Amino acid sequence: MHSNTDITGRLLICCPDRPGIVAGVSQFLYAQGANILDASQHSTDPWEGLFFMRMVFHLQNTAMSPEQLEAGFREKVAQPRQMEWRIDYTDRRKRMAIMVSKYDHCMMDLLWRWRSGELNVEIPLIISNHKDLQKLAAGFDIPFHYLPVDALNKAQQEQQAIALLQQQQTDFIVLARYMQILSPGFVKEFPGRIINIHHSFLPAFAGARPYLNAYTRGVKLIGATAHYVTDDLDEGPIIEQDVARVSHKHAVDDLVMLGRDIERQVLTRAVKAHVEDRVIIHGNKTIVF
Amino acid sequence: MHSNTDITGRLLICCPDRPGIVAGVSQFLYAQGANILDASQHSTDPWEGLFFMRMVFHLQNTAMSPEQLEAGFREKVAQPRQMEWRIDYTDRRKRMAIMVSKYDHCMMDLLWRWRSGELNVEIPLIISNHKDLQKLAAGFDIPFHYLPVDALNKAQQEQQAIALLQQQQTDFIVLARYMQILSPGFVKEFPGRIINIHHSFLPAFAGARPYLNAYTRGVKLIGATAHYVTDDLDEGPIIEQDVARVSHKHAVDDLVMLGRDIERQVLTRAVKAHVEDRVIIHGNKTIVF
Amino acid sequence: MHSNTDITGRLLICCPDRPGIVAGVSQFLYAQGANILDASQHSTDPWEGLFFMRMVFHLQNTAMSPEQLEAGFREKVAQPRQMEWRIDYTDRRKRMAIMVSKYDHCMMDLLWRWRSGELNVEIPLIISNHKDLQKLAAGFDIPFHYLPVDALNKAQQEQQAIALLQQQQTDFIVLARYMQILSPGFVKEFPGRIINIHHSFLPAFAGARPYLNAYTRGVKLIGATAHYVTDDLDEGPIIEQDVARVSHKHAVDDLVMLGRDIERQVLTRAVKAHVEDRVIIHGNKTIVF
Amino acid sequence: MHSNTDITGRLLICCPDRPGIVAGVSQFLYAQGANILDASQHSTDPWEGLFFMRMVFHLQNTAMSPEQLEAGFREKVAQPRQMEWRIDYTDRRKRMAIMVSKYDHCMMDLLWRWRSGELNVEIPLIISNHKDLQKLAAGFDIPFHYLPVDALNKAQQEQQAIALLQQQQTDFIVLARYMQILSPGFVKEFPGRIINIHHSFLPAFAGARPYLNAYTRGVKLIGATAHYVTDDLDEGPIIEQDVARVSHKHAVDDLVMLGRDIERQVLTRAVKAHVEDRVIIHGNKTIVF
């Protein structure tokens, strides 16, 4: 039996744009006794005609279960409007896995913000193809799985990683400078649920050695890009980007050092947006509410 | 007789926060046949308990007049919820007056963007206490009123300015580096409708000579602030601010020159937000949707 | 006969790095009675071993002519150290030509800063392949040459442009959104002396329609790049870059509008650096002191 | 006996501005066989007439000791020109003490960059008036001294802190959110050698509770300021500042969280500048080369 409790939910919807959507959704929520805490919406060009919305609502002391709420929403609101939709609940913390290689700065920043309460997730596991960061992970009491990858064992190790991630009911994966390209089979298991940080301002300097290439080209700003992973390397939907000013004084090593600060800030902002259900993937682009 | 036409309106509301506001508003608009193009909302702290919303809606080929629409909204939505509210219509361009002294950069930026179609206003008049910019105004075919101010004639000239502004049905006034302090009597005529640009990052360096004071203090960033004018000098609700990096190399004159670029950008952004009905004044602060 | 006068010069040098260069140069200037007002230096990686320096010096009430000063410098300082070098004098304003098509924002920004004294150049001519901006140029009393370009007359019109530029002793050319690709023959006439503004963050979105491509890719920042023109389109040495934040809310037209502000700021900063002899081209990169 | 070795030094000078200073200094260094790796200079307004310079030089395989080098410089260069000057050597790492209270973010950032090799110092001790961060310090193997402060024991605890700092030959102290005001007696022991991070854009919001005050005023940017500590609270020479954009959506707690990122970045940049001998204090301002 479900006893009365509070529900705070985040509703994301996508459907054909036409009058009455906001009215329909808000009327339904009001009828359940919910208060709308925040709402954002976006419509694409008239010729595409799509409507996107994020609504955060609060149901105080309700006898309804989330399942009942969703069943009602599906029947009365979503199906008549051909909506794609989902509701996430703030009292259920997302389970975030980290995959990492040797560089510690992105992982450290995530762990630090997690411990300080700034990042509202559970971190059930860290997977790495190197042992270097094992001790750091231990300092945060997070299980660390060492899965070294070479040309021969890659498929097998990916299967092992998938098994671990699924056992831990992982909601999404953060590649915190994980220096291996994931195979299409891996990506397919977590569609729209793998966030990568690339150390350049994409689409500039995709691929390997972006800081060296930035140095060689003589750009006056370097950047970092957080994006969802797809089968096309560095081509997935961009969530967040930022840059820092550089000059002729900066050698490649300086770019690497400066870049660390941008990488972790950009990755953290992207992860936060994902955790707070602010991101909708639409084709190869994102709407970040 | 009102013939069928399109209406695009921007609705701004403020009322006590409680469930059902979004539902009530959107249900009403839907019932009139309106499509909601954009919506933003904000709630203050629970103990203050206020709800703010901006909704942009479109009514296609409607037989209703704006007056009828507003009458219906007042009765069915606004009064039951003790709303403060207003609707502005995009087909009615706001009438913006500019008051200016000798510096041309802020006025020029506004005029330039106005001519390029970036700033969707009418500019019925420019008022200045100096003749310096008369020729520039003429280049844009805008009536220029020279109202020199000294210790003796200030009250009289302000009356003259008020008369001109009212004759021209001025919606709001931009002080584009107008170097006179407006009297409370003047401000009272245009409450929440006078935008000033102050050449510092307020509350730092309020009052006279902010660049000199910034230089003397040795700050590493200089700024500019656009705010609504109230009776307290440089204390009104802030709309927009920005900064630029400086160093020991910059003399006071360099700060003045760099500052010009920040001033005009900050002022332009604030004016655009005001023109698009994105700003709600709440106490001495602003909500900028 | 040369009468006594003041000389303020900007010396730029490039030579093999080894001890004694600063000592040699500053000793020479001191011996002539010069005071060093500003100095910056840069050394490349040890394996390249090049030294770059910019020195601003002031000679008060000297009987020496610039020619005599340069002859002495060549013999005593430059030749023994295999220097490439040049001296520019602040009392000789550079002659800047503007080439433009239909967009006015970059040209306007340059003209405005020129008139306000912020940009210390002479502007002997504007060349355009369209008539649209003729009236604007007239407002600043600058000769405007209309040289329309089509597939058949391009070579001939470029010859005409070169002739005009040379008649006017043009020091450098600013392509303020000039929408024609200059032929190698044209570029060869003004090596390292043509500055272009490209409306993207290079190397991202080189070529045509960068804002459309940025929109399609879904980037979260758009940018602009000022660079010297070489025979490789959009591949020349970068002088300055900057970006602005965008989101899913921005349609292509919004990117174009936002981009205008970045374009003119980036171009202006690049032009100022060139005018103040702060830029040394080294291979396909720049040193901006 | 001093055996041959390499010397890399950073020379900082301040003296009356007049011709021949650069020549004199660089001639002296050249005569010792030194190569100048980097040089920056600054002159104040003509009426103040002061000259400042930073020169980084390298002496390869020299038989001279630093003492001999300095004795020669003093006699031949510094005394004839009434220079204030000092030379620091890169092979001698500065000894940095950290004073901290309960907030960990600034301390953590410094320790992290120190461990990653980004911050080239020794950290002989951490002093705190709270025990909260003791375990963190232990994780980095840095001695942690707990010196609780109340109204009665403040003078005594400061004496104890001074004794500890002096025993450890501390070069400079970083107040990484140390929530006690140091007495003039303490400050006098380390003139120009205590760096504080204040969590506002000074001079705005000096004193207590800057984030609350920023929220109340409704500013659109919040900031942080790193400065040298003097007897006037929050009034010392500013080394570095930065800001982040905020809006009506941010409650005070959000400002605190966002502010943490700015605080640690600003503090780190200031500490790096100090460590690399880039900062000269001049009156109540800084020159940061």
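Lettered A, B, C and D in written order, each chain numbered from 1.
Here is the rule we use: a contact is a pair of C-beta atoms (placed from the backbone, for glycine too) under 8 Å apart; a residue touches a chain by one contact, two chains touch by 3 or more.
This structure is a prediction, so every number in the text was calculated from the model and none was measured.
Interface of subunit A with subunit D: the two copies contact each other largely through the same residue positions, with over half of all numbers used appearing on both sides.
When the interfaces C-D and B-C are ranked by C-beta pairs in contact, the top one is C-D. Centre-to-centre, using mean CA coordinates, subunit C is 37 Å away from subunit D.
Centre to centre, using the average C-alpha position, subunit B and subunit C are separated by 38 Å. Counting only residues that touch two or more partner chains, subunit A has none. Only residues 104-105, 108, 112, 116, 118, 139, 257, 261, 265 of subunit C touch subunit B when the two sit together in their complex. Residues 42, 45, 201-205, 217-221, 223, 237-243, 247-249, 251, 284-288 of subunit D touch subunit B in their complex.
The part of subunit D that touches subunit C in the complex is made up of residues 17-23, 26-27, 29-30, 33-41, 43.
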